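The same chain A turns up in both complexes below, where it pairs with chain B and then with chain C.
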Partner chain A sequence: MKTLIRIVLKSAWHRRISLLFTILSIAISVCLLLGVDKIRKEAKSSFINTISQTDLIVGARGGPVNLLLYSVFRIGNATNNVTWESYEEIVALDEIAWSIPISLGDSHRGFRVMGTNTDYFEYYQYGQSQRLTFAEGIPFSEVYHAVIGRDVADALDYQLGDEIIVAHGLVSAEFAEHDDKPFTVTGVLAKTGTPVDRTVHVSLEGIEAIHVDWQGGTRSAFQLSAEQARNVDLQPKAITAFMVGLDNRINTFRLQRAITEYNEEPLMAIIPGATLAELWQTIVVFEQVLLVISGFVLIAGLLGMLTMLLSTLNERRREMAVLRAVGAHPYHILFLFVLETVFIVFLGYVIGMCLLYSLLVLTQPLLVAWYGINITITRPDAQQWFLFAVVLLLSVIVSLIPGLIAYRQSLQDGLAVKV
Partner chain B sequence: MSATPIIHLKEIRFRWPGQSADFLYIPELIVNKGEHLFIQGPSGSGKTTLLNLLTGINVPRSGSVMILDTPLEKLTNIGRDRFRADHLGVIFQQFNLLPYLSLVENVQLPCGFSRRKRANAGDMDATALRLLTHLSIPDALLDQPVSKLSVGQQQRTAVARALIGNPEIVIADEPTSALDSDNRDRFLELLFQEAEEQESTLIFVSHDRQIAERFTQMVDLTMINQAEVAE
Partner chain C sequence: MRFFPQLSRSRVFFLCIVIIFAVVSCGQSQPISIETVDIPPVPLEVPTSVPTLEPKLRDEAISNNNDQQAAAVSLAMPAITAEDAVSSIDESLSGDSEYLEIMWDSLIPSDYTADAIMAKYRDRLVAVEDGTDEALELYDAMQEEFNNAPVNESLSQFLIKIPGFIAPLEYTDDLITEFLLVPYFGACIHQPAPPANQTILVKTAAGQGIDVADSYDPIWVIGELKTEAQTTELATAGYNIADAMIEKYTP
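Coming up: the complex of A and B.
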């Protein structure tokens, strides 16, 4: 046994160049497979963790996924608004513990601007029931104050006290800027790993103020200065959506139905968890395709190894005859191949894992900075260890092919190898 | 009779898979202790086939292969391999050495498969070095890769490997056919010297009649093979 292991190692070392490439190809395919799996899990958890503890999101009637996308992920637009009266009427219901109004539509240098009130900082939760916290500063307390997410602060290098100019609509354009009414940064939120990081938060009154002298998409001839706008009635006439927390979860479905059947205007309420799951189902197909592709890449790697092993069979016949002559059993020959293959795959797998972890460590800050995806580096989970075991088992099965051929050859050849 | 048979073949019949008639039929062949057997015969006459039977790599269809009072045909496959590992040393015509092992490791290889040889060899490093020195392998070559050795040196190293652990029988299949006459004589000289010292019986196959005179016993395979259709 010890002799065989030594023979395997020395023989492998002798052929190290070709083995190195085989090991590398397995390492890369393992890295790819585990990487896709990792990103898949991270994406799912970061996705599911975007919002927490909110029981219902209410918006104008339309697609539930669309409502979720614009209210939580800041993707896309609402087709209609919710009137302030409806909002006030609904949140006055007994079952409702808290609510957060949301007013969207403007942007600042590529980041969405969201009008809300200070309840947002108190009640909004993400991840495992985590609340928003301030990295610096305080919530907005007046019309021209703004609180920015961590990514906004980092990307635009904003400090407390800096002035920012909100653009009308979602594309930044010179002529459509509310440049007469700048906002002052009063707070920067701590990193959440959610779209909150990429949002500029202002008060509903702020949103109202910058739009008082606008009609439709253009500035009206009748302009008001920032100071003048303060004195106008800044009570919003409509908001985009609102989030609701209930005293008792049991009432969720009843309230959802009540809102859907609301008479004054066509509204819709979604349960974030359910709609998230629905949305995830559409993404999951893509993700599974990726996973299957990486699985095939790994199989290609194993087949490459098989090709390599088969191609060396002939030139190793003499080696086998020598081993047979000194007393090796054909089982030993078979075992030699199994051991070598498991050794190659084991090394390949371990190198692949190391490769993945180094890649994760290197790219983690970049992924957070560029995409707001925060990848947590964790130890391989049970599923990944299981995959390790499966791949090793596969390698044993693969090794049986050249192993059994060599076994049969060594039985046939005996002492004479005719090459 | 003082001589004890170390090898005793009786009524053995052998054919390769797919052959319809016996390829070898040897009514009797006896080698006594202390003797060295030279087997000669033209190429293709079945010399290597006979050695495969003697080493237990192949088994005859019928008959008895008695080696050191052990009937090989009665052993299991694993038993025969173990028997070969313990009691036999083998030298091929060429390419005896594993290129990825050092000279010393090549010589020690049989000890990895046989506890008996390991015990007989004692201090394995010292024994391997002693054998290599006796077989006039220059010290400077000891830590060189096998590929740096001349064919003659490789064959002599193969002798050292066949002899380590004092096997009772050393089987050599045309070990000199790749050597020029000077190297051949040197090889035979050293082979005999070491085999005598260890009291190993040599079974030596060659088609080269010149070598035969050194041996106490000689058979021509075409003579002892009574199979009707000898290819």
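Coming up: the complex of A and C.
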């Protein structure tokens, strides 16, 4: 057995250049397969962990997935607003324990600005019922205070006390900025791994103040300074959406029905957990397609290896003949091929995994900074070890093809090889 | 191995391709989500499966609300007599024994079933013409009573097994671990919303849960049913099951 392994290794070393590229092709296909699997799992986790312990999210009537996307993930836009009267009337109901109003529409250098009140810091939960905590500073207490998420602070290098200018709309442009009313950073939230990290939070009054002299989306002729705006009545007239927690979760459906049938305004209430599942159901098809494609890439890699082995079969007939001459049985020849293939695939898999982990380590800070996608680097789970076993088994089966051909050839040739 | 040389090369090749496909397809079927069984949802409308009880038993049931016998009778299981019910209660409370498999009708207390409410309003209905405003008001009032019916206290602390669809609420490690169990699919969309006594708040046992991809499929929930008539400091009103076991639904 030991001699056989030594022979395999020496024979492989002799053909190391072509083997190297075969190993690389398998490594890349394994890296792709494991990478797709990892990103799929990370995306699912980060999606699902974004919000917790919120029973309903209420917004203007439209699509439920759209409401979830813009209120929780800060993706997309609302179709309409919710008036303050409707908000107050609904949260006055007995069944409701707490509520968080939110107001969207502005941005700051690519990060969305969200108007809310201090209830947000008290009641918003994510992940496994985790509350928001402050890494530095305190919640806003004044009109022009802002609390920023961890990614905003890191990407734009903000400290407590820095002044920021909020832009109107989702893309910053100098003519669309509220530059006469800067906000002061009073707090930085601890990292959550959710879109909260990429948001600048201000008070609802702050949003009102910066828009008090904007008519129809542009500056009006009459400008108010920051001080003057502070003294105007800053009671918001409308908000974009609000989140609601109930005393008893069993009342969820009844309350959802009541809000949807609310006569004063066309509103819609969604159950975040249910809408998340709905969203994921539509995405799951794509993730499965991605997996199938990666599986095919791996099979292509294995077939490439098979091609390489078959094409060199002829050249190795003399090698087999020599081995037969020194006393190798025909099934030793078969075993030689199996061992060599398993060795190639094993090495390729290990190199592929190393490649994947080094890529992850390199791109982790970039992904967080650019896309807000948080990737945790963990050890391979049971499913990935099972994949390893399946790939090795496949390689054994693939190796049988050249192995059996060589077996037959070695029986026919004997010592006199007619090449 | 001796007969291998007699197999032609092409046959060996063909065999290997077949084996590869077999292994690959077995490997790919690992992440199983259940076959979508075409199960008609348990209807919420007038529960015709409520057993037609003999009039004598029925009157007893309505008048003896808190009686154990009435409890046995109000379950949608005509075969169970009072004695059976008592003994099965004892059995199910004594550790790991048979769960009581119930349907959603059993969650409605006996004097709030559609039949019982009809009976209450029968005199008034007879006096009014169909289609008039008064008739509609009466129907609305009946619907209100049905919707606001209290929980069936007689099922309290029973170990039950009940099928249903879910509306996910909380996730743990990519599994749905807290959800509302309802009798029909799409409770968020359909009119009317299920009343409080046709909804169960379920928290799964540690390690149990439902994958997001399976969230549309019906399931069996197995666990101890807790009924609370009023919200107290310790518990909220309605049906609750904590530490539930989940099974995929097969009829």
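The rule is simple: the second predicted complex is superposed on the first by the 419 of 419 C-alpha atoms of A that agree within 3 Å, B and C clash if a C-alpha of one lies under 4 Å from a C-alpha of the other, contacts with A are read in each partner's own complex, and residues count from 1 in each chain.
The rule is simple: a contact is a pair of C-beta atoms (placed from the backbone, for glycine too) under 8 Å apart; a residue touches a chain by one contact, two chains touch by 3 or more.
Everything numeric here is computed off the predicted structure, so don't read it as measured data.
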Answer with first, second, both or neither: which of chain B and chain C does A:Trp13 touch in the superposed model?
first
A:Ala321 in the overlay: touching chain B, chain C, both, or neither? Say first, second, both or neither.
first
Answer with first, second, both or neither: which of chain B and chain C does A:Gln281 touch in the superposed model?
second
On the A-aligned overlay, A:Gln364 touches which partner chain: chain B = first, chain C = second, or both, or neither?
neither
In the overlaid three-chain picture, which partner chain does A:Thr3 touch, first (chain B) or second (chain C), both, or neither?
first
With the two structures laid over each other on chain A, which partner does A:Thr118 touch: chain B (first), chain C (second), both, or neither?
neither
Of chain B and chain C, which one touches more of chain A's residues?
C
If you stack the two complexes on chain A, which partner ends up touching A:Arg249: first (chain B), second (chain C), both, or neither?
second
Under the stated touch criterion, which partner chain does A:Thr83 make contact with: chain B (first), chain C (second), both, or neither?
neither
Mind sorting out which residues of chain A both chain B and chain C touch, each in its own complex?
330-331
Contacts from chain A onto chain B in the complex sit at residues 2-4, 6-7, 10-11, 13-15, 318-319, 321-331, 414-417
For chain B, which residues are in contact with chain A within the complex?
48, 51-52, 55, 57-58, 77-78, 81-82, 84-86, 90, 92, 95-101, 105, 109-110, 112-114, 161, 173
Where on chain A does chain C make contact in their complex?
41, 44-45, 48-49, 52-53, 55, 128-129, 247-254, 256-257, 270-271, 273-274, 276-277, 280-281, 284, 295, 299, 330-331, 383, 386-387, 390, 393-394, 397-398, 400-401, 404-405, 407-408, 411
Could you pull out which chain C residues touch chain A in their complex?
1, 4-5, 9, 12-13, 16, 19-20, 23-24, 27-28, 30, 147, 167-172, 174, 176, 179-180, 182, 187-188, 191-196, 199, 201, 212-213, 215-216, 231, 236-239
